[in-house]
Every structure is written in structure tokens, then in C-alpha cells.
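After the C-alpha cells below, expect a handful of questions from me.
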Amino acid sequence: MSELLLDPGLVVALLINFYILTVTRLKQVVYGVALQGVLLGLLYPVAHAGFLPRGEPHSLETVTTLRLIGLTVAIVVIKGWIIPRFLMKAMRIADVRSRLTSTVGIVPPLLMGGFGTAAAIVFSRSLPLAGGHASHLLIPSALATVVCGFLMLSTRREALGQVLGYIVLENGIFIFGLLLVEAVPIMVELGIVLDLFVGVFVMGIIFNHVSRAFPEASIEHLSSLKE
Amino acid sequence: MFETLSIHSVIHVAVVLLFPPLLLGAVNRTKAKFGGRQGQPILQTYYDLAKLLRKESVFSETTTWVFRFGPVVGLATAFVASLIVPMGHASAPLSFAGDVILFAYVLALGRFFTMAAALDTGSAFEGMGAAREATFACLAEPVLFLGLLVLSRISGSLQMSGLLGDSVAGGWATSAAPLLLIAISWFVVLLVENCRIPFDDPNTHLELTMIHEVMVLDHSGPALGLIMYGAALKLFVFAGMIINLVLPFGTGSTLVDWLVFLLGTLLVAVIVGTVESVIARLKMAEIPKLLIGAGVVSLFAVILLLSYS
Amino acid sequence: MTALLLILTPLIAAGLALAVPSNRWRPWVVPAGAACHAALTLTVVSGLLSPENAGWLRIDAQSRYFLTFISLYFLILASYVPGYLGNNGHRSNRVLCACLLASLSSMTAVIVAHHLGLMWIAVEATTLATAPCVYFEHNPRALEATWKYLVICSVGIALALLGTFCLAYASLHSGLHSLMFEDLMANATELSAPWLRVAFVFVLVGYGTKMGLAPMHTWLPDAHGESPAVVSALLSGALLNCAFLGILRVYLIICAAGQAAAIQPLLIFIGLLSMTVAAVSICRQRDIKRLVAYSSVEHMGMLAFGLGVGGIGVTASLLHVIHNGLCKGVLFLSAGNIYHAYGTRETERLQGVLRRVPVSGACFVAGFFAITGAPGFGPFVSEIMMLGGAFASGRFIAGCLFIALLFLVFVGMGHTVIGFALGTAPVAAGTDPMPVREHLCQTLPVLVALALVMLLGFYTPSFLSDYIHDAVAMAPFAGVDGRP
């Protein structure tokens, strides 16, 4: 059952990567990132149910179920609502350009994203999968999303574009985390989610300072420190 | 066996000759409905064709035989291509191992002659249109080929009738995601190959923004009719490929199969009309981005398929 | 419980710092909090208060070693804070004081966390806690440095999380279902080797970014150059070492799994690369604080090199953590005093430092000799041990490169430092050629750190070598001679 939902979900998440790398209007990118976050949040319980031992459909304890529901809601709310709203607000206050620009154009990162995805799939074949992890797409899509986030982060000129790239990168790591729902305790998981959230928040605050100090919050203005 | 095949062939040729202009009518009618208009008759393309064929042609004195050849070759190649693509859940009349290559090159040949004819006029506008057409064709062709690659990998065949035949139905059960991605990116190819919004506007009035239309500005009378019919045929061929991909399930009855197929292509035409109504034309600089995006998606589909095995 | 107390004490002090209304008295909360933390640390490590070693927070040999150093080092820095902020009285120091204490808390958490996921959380927390400190000056340059620091380190640490997840998957793959350091060490041989190697590469790149290894070091000179002196010293002496601890833990697991040979060349390469990048940058550096920052890149490269060499090199790396940290304290704090006296950090405009600010100038020059490995100071000992390790393991080319780079750094840094230390102070309009009066509260911490560096050059206290011995004993191959 879970494979039926998990794999298409991951494929859509990968397609959103390409979408994010293609579009330049800031609003569309924010929506794309939010959509990906919500999708991954919804995949969380799906992945969890899939990795339970077979033949014991009723082995979900109440605590586990509560944990699943709680974390799913938390992730969906944070990734799909709070962070996008926060970024939109930062955009409005900073009055930045509504389009992202790239230092090397749109097409090369997009192509590299495609090839990076291919490389991720090829590379992850050399890694052994634990028993029960039938979904062969989790690891490649995690690596591919990390690559796409990194491409976005390193090519976009605007400070906000970098923050968005960072969130995509985080999403990739989150996909990998789907493999580990049984190995990582809930406190740690919560801590990670909270940490990443605070990270984006602090970046947003500094971004506001950047946009006040430099026109259009483009990091091209951040170049006085170099050798 | 031979008899059913020949019946199919007769139906195939008849449909190819008669049906395509209806698609253009369907597209126009959809757009009219979205615009809140009554719209032209759904058979308007047939009337236009009849009118154009009755007129006389005017050729510029500066043009050579290349200019006259353009529409003829364009139509002929589209016709050959339409004979290679299987329709109505049966093998195509023109079918042999490796006809995939012929299909792609025949389309390329038609495009080459259309562009050559445009360049032959010596007009700056038509040359510009030809250059754009060449650029976008370069970007659209890989998408088409990657899709064919996926299908040939699934079916293990290099024959269009095999590629788009029964194996696709089995493919949906085992590897749905790549097929879906291919269907989507082929739809993008359909839009760009047939000069549809958001890539090109067939009804535009400004030469600077045209791609395909600007290439055929100098044609008139029967030549223009041939071009129009060729365009309809091309739309039909691509719509047929997508229908083969999306609805590969046969019912067993020849009549029902053909009916499903033709209704399917009409549905594609309606979708094209819808897309044209709700999406604005892209800036010229944005077009390669979308095409390369489609290319990356189909590359992804290939990789995805390879990862299944 | 004890470990939790260690984390909470500075956090409570940070809350207190936020609550104190007076800009003048608030800085005193920092040394007070640091003193409480140091006292608690000393009771724990001296055995008066034996920590129960269960749960996610534990105090093992490595924790004791790092905890002792960082707690005392922070105390030295904290005693510098009131005097330093007294000179910058015009700006509110509420955020700075609170964030300094919060970073002590998060660094303690990095050290005592034995669940690798928890450790990751703590490392990320150190970045978030120190970012506002870097932005203390509130000018565009500081802003740029903060942005780079935040973005580059966040991305790096995110990759470290991926590495931690890979490690978790290796554990899952062998049916272990745990990310506790002890569990992983005990069952290391059963872990999936490919996953372990992937995990180490990600962890090295991730925590290596935070540690300032080349080529991920680009944030480091900016952040160190633009932040207040005490924050630079904190970043360089304590924070980078916490990231090093992250790498060390995973390194030990890999060694226990018998995969050390696969990753050691990588460590040696990245170590020598960092040293090369630093040496080249030092030679043409015209900013006194960036000069010291690049020296940090160099010494972080040495730490990686020591791990890569293995055997006695690991011991040397652990010793070097303390030696380098204390030297960086001396250099950054005295550089801060020099900056305060001259109002510039450009070496061309610093002349006659030894006459203008005799104590700080002398400390800076002594610190320069110490950090470049002159005999008689701590770093000399650990660098010789690293070299010994390199030659003992048969890595002659790497060892020779190491010597050449050390020499290059000595010449490059010496050229600049001697240049501005000697000479006469500029007699420009409005400047006072007379020696600037140096407050005791600003020179005493530097002197204490310098004294410790010199002490360590002659004598390694037995409790330190015991810790190192215990810490290194975890790595099975390091049995050559754990004792320095």
C-alpha cells in the first residue's frame, strides 16, 4: 500500500525540484517550495506505515499514532504555512524585486539538476538497502533534492533565493529522514525540525537587515569582503 | 488476418485524409466558447481549404523552385508520418522494424523544406521565423526521442506500431510514472510543433512575435491550403500518439476502437483549445526554458524507468 | 542530570543577561555565568560529582577533555568581556551577552550529547547562537559576514545532518536502531561499510564547513574579521573545536569498524589543502584579524591531518585542540586591544605596536611565535607529534609538505607581524604617540592564556594526558603510545 503512494509522491517531489529551478517569479518559487514541504509532510505517515513489519496491521500503538499525527501536522503547518507566510511577509517588507535572477542563467542549473538526479539514481544503486525498504526511490530522490537545493542556493543572486534553496536542501534531507522513522527518537526529530525552522527564521531576520542596508537585497552587493 | 489488416489500412488512410481539419475546428470552437463567443462553424477549416484550393497561386519573382516545393514536401512528409503512427488500436499501414527513425526524419525533412521555402523568399521576417523554428525544433526533438526511448525500452521494439501498441497497456501497470511524464512532455512537444499558445500564436497579427505563421506569409491559394492541411495533419499525428500513449486499451471491436481513438484526438484538441484560452503566450526568451524543462522531465522519465529494472 | 545542569546553567545566565536592564552591569553576568559553569565542570571532572552515564547526555573521556578546555577557555574570554564592552558602551550589548552565554550552553550540549542526532541539533544551535554576536557592529560589512556565516554554515551543517542520517541508516541496516555513540562503537564491525563511508564524507564536508576546512572555509575569515574580538576568539578557539569533535566521533566509529584506511587519505588531503590555502592567504594578508583567522584555517587543517595520519597523530590532534585554542585566544584578544588603540586593522597603518600598546603588542608577538610552532610553546609539541605520526606511518611526502607549509606560514606571518610590531608609532595629527594605557581587565585574560600556552610547551599535566589516553583508547589502532 505504502509503495503505491510513496513512489508517485517522490516523483512529484522531484518534478517540483525542476519546477523550482525553472520558474523565476519569487511568488511561484515560494509556492513551489511550500507545496513540496506539504507533500513531504503528508508522505511522512505513509512512509512510516510502510516500514512496519508485515502481517501486523494493528501493531500501531496509540503513542506512535499520536506521534505520527502530531509530527505530520507540525511539518505541514511549518513547511506549508508558517515559512511561506514568513517569506512572503519578508518580501513585502523588503520590497524586493519580484523575480529571481541567476548568475549563470536558468538553463544550466536546470540541466545540471537533471543530470544530478540521474547521477543520484545511479549512485544510490551502489548502496545496500535494508530489508523491508522496498522503495528504491527514497535515497535517490533525497540526494537529487539536496543537489537541486544546492544548485539553487549557489546560483541565485538574491538573498531570498538562497534561503529558498536552503529550504529545498532541507527537504531533501527530510526525504532521507523518511527512511529512519523507526531509528530516530521523537525528541531528536522534533529538535531537528525546530532547529531548521529557527534557522530559516534567523536567516529571515538577517535578510531584513540586508534588504534595509542594500538595494534589492541582492547578494552582489555583499562583496566587500574578499581577498 | 490479412483482411482485417487491409480494412484497418483503408480506414486509416481515409481517416488521415478526411479527419484532421476537424481538429482545428474543435480547437477554434473551444476557444470561442471560452471567449463567450458563438464561434465559426466546426467545419470551417474544410470550407477554407475548399476556397483556397479553388484560388490561383501568386509567386514572387525572386523565389525559385524551393519555394514551391516547401508546401508540397511539408504535406507529403506529414502524410507519411501519419501512415507510420498506429491508430485505432491496430498496426499502421506503413510499418517495419526501425520505422521510428523514419518517423523522426520525415518530420525533420518537412520542417527543413518549410524553413528553406521561408528563406527562399529573401524576406527578413521569414528568415527570422525560420531561425526560431530551427531553434525550438532543436529543443523539442530530444523530448520526442527520449519519450520514444522510454517506450521502446518498455516494449523492446523499434517499430512505431510496436512501441505504441499493446505493450503500453502493460507499461501502465509496471511503470506508470515514466509514461505519465512522457505523456506530459509530449503534450508540450505537440504545442510547440503545432505552433500553439503558449509557444506561438497561430492568430497573431504582428510579424515580430510570430514563429510559424511568419514563415508562410508569402504563400497563397492552393499552396497555403496545402500548408493548412499539413498543419492539421501534424496536429492529428501528435494527438494520435498521445492518445495511443494514454488510452492504449483495446476493446476488441474495430469500430469501437476507432471511435475511441477519434474521440480521443478530439479531446486532445479541446485540451489544446483550453490551454490556449487560459494561458498567455510566453515571452520569446522564456520558450527555451519551458522546452528544456520538458527535456529534463523526459530525461528524468528515462532514468526513472532504468531504475526500475 | 549533571550534564543537563551543565547545559542549563549558562542558559539561565543568558536569560538573566536578557533581564538585566543596565547596559553597564549586564556584561558582568557573562563572567559570572562562565564561573558557575567552570566550577560545575571542575567538580564533575575531578570526580567530586560523578555523572551517571545513561541516556543521551553522558560525560566520557572525550567529553571531559573538551569540557574542561572549553569551560576554562570561556572563563578567560568572559573575564575580558566587561572591559571590552566598557569601551563600546554606546551600543546595547543585551543580545551579545545573552548569545555568548547561549553559545556556551550549546557548545556544552555538543560535548555531552552522545546521541549523534542530538549532537547535530546542538551544533546547529551554536551557529544560530553566535550569528547575532557576529553582527554586533551593525555595519554593512558585519552584515555581509553574518549572512555568509549563517548561510554557508547552515548548508554545511545540513549536509552533516545527511551524514548523520546515513550513519543512522547504517545502524538500521545492521538491525541496531540506535544513534548512540556507544552503541555504534560497540557494534561498529557489523555496520554497513558503504553507508559508513558515505556518512563520513558527508559529515566531513558538513562539520568541516563549520570547522573551516578548505574549500568550505570562505565564511571564516569574514566572520572572524568583522566580529568583536571576544567573539572571534570564541569562534576560533571553541566553536571550531566543537565541530572537530563531531568529526572525531564519527571518525572513531569508522576506525572501530575497520574502515580507517579508506578515509585517512581524504583527511590528509583536506588537511593539507586547508594548510595550503591558509598559507597562501596569510602571505598577502593586510588585515590583522583576518591574518589570525587564516591561521585558524591552517590549524584546523592540522587537526584533520593528525586524524588522517592516525596513531600518535590522533593524540597530537587532541592536544593541538587546546594549544591552538589558547593561542587563538591570545592572538584575537590582543588584536582586539591593538585595534582599539589604533582604530584600524590594516597592517600598513599599524606601526610601532610594541611601543604604543606594549603589553598587548608583546602578547601578540609571543602568540605569533607560539602559533607558528616556535619551540617553547604548546603548539610546537603537538606539531612535532603530528610529524612523528606522519613519518611513523610512512607518509613521507605528506610529512614533508606539512613542514614546508609550516615554514611558509611562519615566513608569511612573520613578515607582516614583525613589520607592524617594530618601528615607531605614527605621529599623525590628533594621535597620541605615547603608550596607550592598557586596562588590567583587558590584558590579564591575554596574559593568563599566554602563560597557559607557555606552560603546556614544557609540561603536559598528567590529568590532560590521562584524558587523552582514555579518549584515544577508543580508537583501536591508536595503541602505539597514547601518552604524550
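Here are a few things to note about the model shown:
Note that the chains take the letters A, B and C in the order they are written out, and that residue 1 is the start of every chain.
Throughout what follows, a contact is a pair of C-beta atoms (placed from the backbone, for glycine too) under 8 Å apart; a residue touches a chain by one contact, two chains touch by 3 or more.
Values in this document were obtained by computation on a predicted structure and should not be read as measured data.
Distance from chain B peaks, on a Cα-centroid basis, for C.
Ranked by how close its mean Cα position lies to the mean of all protein Cα atoms, the top chain is A. With centres taken as mean Cα positions, chain B sits 38 Å from chain A. Computed centre separation for the pair chain B/chain C is 65 angstrom, with centres defined by C-alpha atoms. Measuring from the averaged C-alpha position of chain A to that of chain C gives a distance of 31 Å. In chain B, there is no position where the chain touches two or more neighbouring chains simultaneously. Among the residues of chain A, none is found touching two or more other chains.
Residues of chain C in contact with two or more other chains: none. By the touch criterion stated above, chain C contacts chain A in their complex at residues 115, 117-118, 120-121, 124-125, 127-128, 131-132, 135, 140-141, 143-148, 150-151, 154-155, 158-159, 161-162, 165-166, 168-169, 171-173, 177-179, 192, 194-195, 198, 221-222, 225-226, 281, 284-285. Only residues 126-130, 142, 146, 150, 153, 159, 162-163, 166, 169-170, 172-173, 176-177, 179-180, 182-185, 187-189, 191-192, 195-196, 198-199, 202-203, 206-207, 209-210, 213-214, 219, 222-225, 227 of chain A touch chain C when the two sit together in their complex.
By the touch rule above, chain B contacts chain A in their complex via residues 176-177, 181, 288-290, 292-293, 295-297, 299-300, 303-304, 306-308. Listed in rising order, the residues of chain A touching chain B in the complex are 7-8, 11, 14-15, 18-19, 22, 106-107, 110-111, 113-115, 117-118, 121, 125, 136-137, 140.
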